[in-house]
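Shared chain: chain A. Partners: chain B in the first complex, chain C in the second.
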Partner chain A sequence: MKLRNVALMFAIVALLVGASLVPNATSRKDGIPASLGDSVTVNGCNCHGGDASSSVALALDVPANFTGGEIYTLTITMESAVTTDGENQGGFFLSTTQGSLASTDDSTQLIDGYMTHTAAGNDQRSWNVNWTAPADDTRIADFTLYGNSVNGNGAPDTDGSDQWNRATFAVPGANAMVGPEEISDSRKVFYLSLVVIGTLGAVVVGNRMVSTGQSVEDVFGEFWGYLKPWLTTTDHKRIGLLYIGTGLFFFFIAGSLAMLMRLQLLEPDNDFMTNTQFNSTFTMHGTTMVFMAGMPIIFGFANYLVPLQIGARDLAFPRLNALSFWLLPTGALVVYAGYFAGGAGDVGWTGYAPYSSGERSSSPGTDLWVAGQIMLGASSTLTAINFLTMIMRMRAPGVTLMRMPLFTWSITVAVFLLLLAIPVFTIALILLYADRTFGTLYFSVEAGADPILWQHLFWYFGHPEVYVLILPAFGVISDVVATFARRPIFGYTSMVYAMVSIGLISFIVYGHHMFTAGTDPLFRFIVMLTTMLVAVPTGVKIFNWLATLMGGSITTNAAMLFSLGAIATFTIGGITGIVVASIPMDIHLHDTYFIVAHFHYVLIGGTIFGFFSGIYYWFPKVTGRFMNEKIGTLHFILSFITFHAAFYPMHILGMMGMPRRYATYDPALAELNVFVSYSAFIFGAAQLLLVWNILRSWNGGEKASADPWGGWSLEWTTSSPPPPNSFAEIPTLHVSDEEAES
Partner chain B sequence: MSDAEHAEHHGTASPIVSAVGLMGIMLGLTLAVNGYPSFWFVFLVGLFVLVTGFIMWLSEYYPMTSEENEEIETYHPAFATLSTRKLGTWIFLLTEMMVFGTLLSTYLRYRAAAGADWVPAADIIRSHLVFGVINTMALLLSSLTMVLALYAAKRNDHKATTRFLGCTFLLGILFLVIKGFEWWEMKNGHFWGENCTVKDIANHCIDPKYEHGFWINTSLEGSTFYVTTGTHGAHVLVGVIALAYLIIKANRGGYNSEYHDTLELFGLYWHYVDVVWVFVFPFLYLF
Partner chain C sequence: MSLIGDLLSLPIPTSWEAFSEGPLSLSQQVFYWSVLITILVFGWLLYAVYRYRRKEGDPDPTDMPTAGVFPGERVNHTIEIAWTIGPLLLVCWITWLSLAPLDNYWDVDRGDELTIEVNASQWSWAFTYPDGNTTYGTVELPPDTRVKFEMESVDVLHAFFLPAFGLKEDIVPNTTTAMWFDTGTVDPGTYPIYCAEYCGDGHSKMLGQIIITEPAA
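Entry: the complex of A and B
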């Protein structure tokens, strides 16, 4: 369809042109204005009313250029339609980027380095000040002048007779070069990356042309031939790999953000980052890890494996599945566009309103953070519909619900949680977006809104969300442990019921994130009980794994090591969860590093280690080759040790009162923080071993058969890698004799 | 694709195109309203690309003349009487229940907490309630015409199918137009009792709180009213756009006794939108 191609090309070109309109933005001044001067430079004279008005004309007689070190007398004059005689006619505010200002008489004064009028000096409309030029005359001094003309009644403006305006004046030094306007750092990065990518692309294309003797069109055509199937696929296996690849990519980005945080926290009061930059870093770290690394990796595995495990050829709606995937990189791009708009979202991954809906967080980066997550939420909702339909309707003969592998069961429960929870979060995001953009008042306390409505909506989603993150990891661990203990999982039925009950209970525990938010004491008490209750089915699962191991014949390899490590680490994290489930403990520990330790133990320990185990386990199925065991073992040992080294001390730091989300800490805690930071750096570096292992084994690893591990589920009946239609013939699951007798 | 003959997966660009379009819309809208007006261009391009993506998507659907997924046998009793697409539609409606549940429960929570201080939109609308009643009748009637369209398809009456779908479409448009009118009047403070004028506040014709009109950013009552009814209206709009596609296909005889599932599934969605209105109307218009 030629017309379609033309339309597509137009759209792409238009998008690129539009993208080059990336705003020339620099970071906004961070934090709360500490002084009048900051307030005026950010907001103008709006304490005196309204916006700048051109009815006020300002003049500053600056020299054409300055000689270094000289003192100049500058006269400020203001003309305005409003005239009054005598008292309180007007005021001014003058700042400069170079040199210093000084008063010449008692009508002016210096506050915080800014020049402004005194009480004696507000009955006039012109003032004199002295300016000492900087010694370096290659610089350009920029003056910003605000003038306020008022009607002198001493009251706020009611009829528009109080007006103010702003003007800028640039004074170059004698040897200064006045060039075009400076471009912002983010724009420089953007252009530089375009140049780098363009150059690399030209080199690659040119090299290909020389080595194969093809023309430019042929090389592009060949490249497009490789790329197009990936862009247009609806095959669950390809989509699964796209998800996993994207997820691992963002895992490394979020990990780098974590490294930046630990760099900042190497010493107290470090100036590696400003407070606002630190805020964006931990916000983007959290949002990326949960929505752009964790969920995609989980659903990548699910996309690839669940149809194979139930004997289906694909998901229920393959094209919708592709849409779900493509909403991920596009949504992520919207979120990350914040970095180019003056600062990425900086409200925490939890985005609490009214902080995130109010004046204090008005940067576009936060709006983009909200908008991007709306897209990601749509992606997850569509995925959930797709999976639940497939699992209910498309299982192969013999695959009854109580014979599905536990990984598939974990995905079933997880998508059910998503179905009920994500729409609530999406609506909360839309309400937040509406408050910020259209002025609705959902989170506006002055208008009568509930200050913790956001917390209720967010955590109603947020708690089931973290169970969505952990349950599939449990599923992987179950499948891996069963295979490498050479026996079916102990207590399959109780495992299923445990996962279902964890899923159900997850909706009634969310209040434990709000123990210090001033909720009703009865609500808090009930939530404390339900939170402790959810440990029971979780404990059942842990004991079942242990029982499987006890009765089994254990093989240790990288996959098994990570699963065992996951069980151990998650258990510790679960126990600290019980500690903070207790209201009195949480009142002390809430928003401290104890909480950071708790959730990293369950998320890295449970989810990440669980899915690393899954990577080593299912790699042979996907590629037909084994990963290198030595590198894998080293990866495990390094990761396990440095993880505990980095995160265990956080329990202590938290108990000693170190708050989370702060860019600094009490100097008494410096030693522990240094230890944590260095351990974290090594942990991050150790993950490169995984990347190396994947890359070298993809085409060069030892070959693997259809069922190299002796697995118990249907994916091992098809070839490694599976054929394009997943199964040559839909298999039938038969019950083995041992199972029938157990 | 349940047997070896359906070995290939059909590649399609409509997902990536749609996603890129949505990205343009989100980026463009967000930055445009945050002080970078040049981004309205990006918004428009994104909208164009999204529409292209959806047209591509629909054009892949259009040639469907049989229930493709019916060929997937199900080997288990669970949901065996539903087609795959129908089960998917019901699960989708479950998520929609969560959407409106959130909006309505937020509204009810705020209203309950404010107690006597809450000045509901109903007080403003009461003088012109006829519009809300017409809207309710329109939606209920449109659900009926939808069902009649489905029956007409099942008995191969193409003209009737197209006509009933057309009626549903027109009723949906009527709903949206009336709602737009209502919003406009409420925003500008034009709804009053017959016996009072704008200035006649002493007779308590309209609460002083809304003397200058009732809008999204002037009060919490306004925010909740417009966002809730607006979300419902957006769902009606999406339905109306989908109806356009259905009418085009029905007009060419695309729905018959062999193949009418799309009508039934759309009918499910449309009935759901109607059911939501049955809750929204009393909660926000009557009380």
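Entry: the complex of A and C
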């Protein structure tokens, strides 16, 4: 190609570009047409001179903030030194990033989403337009306004006789976060001191390592000697204690979150928390209680006790067991990192899609919530495999399946449920993560996905999951009640069958969480029937416990009291379970406080009370010392009374129609809610008695023998605390004389 | 109401009245059996703990467990079968009672006199009447009319909950769900509407009102 042709082409291109930039020499009396909209957005009114002029004052009377969905009338006014005799005074261009604009009269018109003047409106310098705010009041609406004041000669002048200007206005929604939050001075000091301490610590340690050639272990000295075994252990007893410690730690964290919610609910329309904060709080409370408090406490007990109860030296895969544990604090850190990433997850512990998969749930904490949950799911799956292998393959002589202690049986059923259920949840979470992060469409209803797919996947896991939480508590209660009644458990075989059948039924009842979700009526009927059936084996267990007491010699110490309290409370929780299993009643009670009351009766009254009983019962085995009985009894009495005071009224609130997950309530319900809140505060405070009791008894309690309570299972045949390898030699479980004869 | 009165009350929504008449109705049966079983369990527990409490100088039970020995089984097949069959019959009975009221809730054509389209979005309610008019937040219904709500969501899951009447149905995107309501069963007046399925930031503020007008005199 010749140079001349290239030059020519450049010239043509330059001309075309220039032509597109050269002011369009037509006046726009009847508004800015769609063809010019983009040009105005980028370049302004450059037909009338290249630069905006500050001599033109533009105003738009926007509200300080907007309420979602409301319609506002906005007045545009333009003041300028350019004047005319009244006709052809100028025009405007208004666009917004949120909501929609509409005309109020014939002086304005809507073109391509922006407002501009009409021929009639060309004669004035003030216009009214309507703006419909977006439904989402967490957004910020940005307005861009151009006003052009012309001299009225009917042609665009670039010589300064026409003047124009540009202005922008931002209107935050009532719940929008505006700008980065100011960090308070006290926080700055706190952060700064953390940085200083961290830096100084690194300098001191590093200096000693370099100057004296010591290793990290040497520098930390005795402290390292204490810390290292805990960080590197594969011993089931140490891992068990780590699990229980982590579980109790998160129990108090999640409990504090519950206290914050009850503070918010001390009065209707309280402004203690914003809606977003409240939503994050109940999400983190539920998630933490189930996955970081409940499950770890259960698997702590299982880790410590099941090998002892079946006479095994350790789990089948000790290193895998350590991995399972360390995934727990790691996953928990990831979930909690949401608080430092701009707001913790706010999708509820159930994480219902399509809300959780859509762009509306944009809190960065939700991504971290999903990621952390995947880790916790992996941890549970590995644990399940580990326990099943051990229980099936590593029982000591004499420990046949039908001679395992009931706690071990309960863990057997629980890990079997976990193995079948948790992977489904993990897969659902991975799909959700892909939706949120890579833009896949598994749960996208816009793309035609099944809107209740998530509910099926979640509850297929979720219902067995709540039995994973309650069955081990049944196991603890069975062992404790028999021991303190000084008699064998009544109906051992039927207890085992009851637990196994609860486990089996748990997979075919999950639809009762979806009675109002528009599912098939036949599906609803079937799950109503199967759900009702759960009451049968559960009733067998309760009656067996009560029958165990008969003819016994009953000691009511703290461990026994908590077990008896759990039986009583769980009975009420079971009955309300039947109430909500009945579809006509559930249609009203679903997603109200009645449900909140029901599952707290089961999970606190059953699981937590059961495991508190377990703490008092097995503490002497773990430490070789008793816990203080007086504090323990006081702990039980306070907990039992305030638990019922806090949760019984929730049944009534639910019947009155108070929905769960609301940051406020009908003012008529204020008295009950205040009563619930104060009872909950006392219940929360009473749990500190347990911490105090554990701390003072750990080294200072009365000494305990190998079998202080008179239990029969193999953990009582080894010393208290057990030696590092658990048994001097692998024990044999003998059979009592009557049993041998029969 | 006082706090004590509140704590002792069992408030029921109007739709439950259909199955609360007489001692054999669903809600009364559930109530009686709940109370009976609670009294049975609590009474038995307290009796056993008191009657068989350990006293100084008591002899140990003869079958007291010892460490390392499986204690054998206490069993009484008759009584175990009894307390398996008993609850089984009871829950079947409750399930049977639960079926009849479902006619009021499930998708059956009963000659609806008025169809209202409900459109839920984050976080507001829109109601479209048969004449095409749309209202936001408030729906006004004539008395003594069988109303069918046809419900759609434009974004996420919601649930249309009328707490005073005990009616609730999820609103599911991509699907039309329906709920029936006979205004003849309730008094004229203004009642709240809640969203009962968690739907994000404004969930607790997704409120509305349902107005049942006075019958023309």
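Assume the second predicted complex is superposed on the first by the 520 of 742 C-alpha atoms of A that agree within 3 Å, B and C clash if a C-alpha of one lies under 4 Å from a C-alpha of the other, contacts with A are read in each partner's own complex, and residues count from 1 in each chain.
Assume a residue touches a chain if its C-beta (ideal position, glycine included) is under 8 Å from a C-beta of that chain, and two chains touch if they have at least 3 such contacts.
Please read these numbers as outputs of a predicted model, since none were measured by experiment.
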{"item": "First (chain B), second (chain C), both or neither touched by A:G551", "value": "second"}
{"item": "Contacts of A:L603 with chain B and chain C, given as first, second, both or neither", "value": "neither"}
{"item": "Partner chain(s) touched by A:L420 [first = chain B, second = chain C, both, neither]", "value": "first"}
{"item": "Chain B versus chain C as contact partner of A:N279, first or second or both or neither", "value": "second"}
{"item": "Touching partner for A:L308 - first (chain B), second (chain C), both, neither", "value": "neither"}
{"item": "Touched chain A residues, chain B compared with chain C", "value": "C"}
{"item": "First (chain B), second (chain C), both or neither touched by A:D136", "value": "second"}
{"item": "Partner chain in contact with A:I587 - chain B first, chain C second, else both or neither", "value": "second"}
{"item": "Contacts of A:G448 with chain B and chain C, given as first, second, both or neither", "value": "both"}
{"item": "Shared contact residues on chain A - chain B and chain C", "value": "398, 448-450"}
{"item": "Chain C-facing residues of chain A, complex", "value": "68-69, 135-138, 175, 275-276, 278-279, 346-348, 352, 354-355, 358, 360-361, 398, 403, 445, 448-452, 482-483, 485-494, 516-518, 521, 525, 528-529, 532-533, 535-536, 539-540, 542-544, 546-556, 564, 567-568, 571-572, 575, 578-579, 582-585, 587-588, 590-592, 648-649, 652, 655-659, 661-664, 666, 671-672, 675, 706-707, 710-714, 716-717, 731-736, 738-739, 742"}
{"item": "Complex contact set, residues of chain A against chain B", "value": "4, 7-8, 11, 14-15, 18-19, 21, 23, 228-229, 231-235, 313-314, 316-320, 322-323, 325-327, 329-331, 333-334, 337, 341, 364, 367-368, 371-372, 374-375, 381, 384-386, 388-389, 392-401, 419-424, 426-428, 431, 434, 437-442, 444, 447-450, 453, 457, 724-725, 728-730"}
{"item": "Contact set on chain B toward chain A in their complex", "value": "1-4, 6-24, 26-31, 33-36, 38-39, 41-42, 45-46, 48-49, 52, 56-57, 60, 69, 72, 74-76, 78-80, 82, 84-85, 87-88, 91-92, 94-96, 98-99, 101-103, 106, 109-110, 113-114, 117, 216-217, 219-220, 222-224, 226-227"}
{"item": "Residue numbers on chain C that touch chain A, as the complex places them", "value": "1-3, 6-7, 9-13, 15-16, 19, 26-27, 30, 34, 37-38, 41-42, 44-45, 48-49, 52-54, 58, 60-61, 63-76, 79-80, 83-84, 87-88, 90-92, 94-95, 97-99, 101-102, 104-107, 121-124, 136, 155-157, 159, 161, 163-164, 166-170, 172-175, 177, 192, 194-205"}
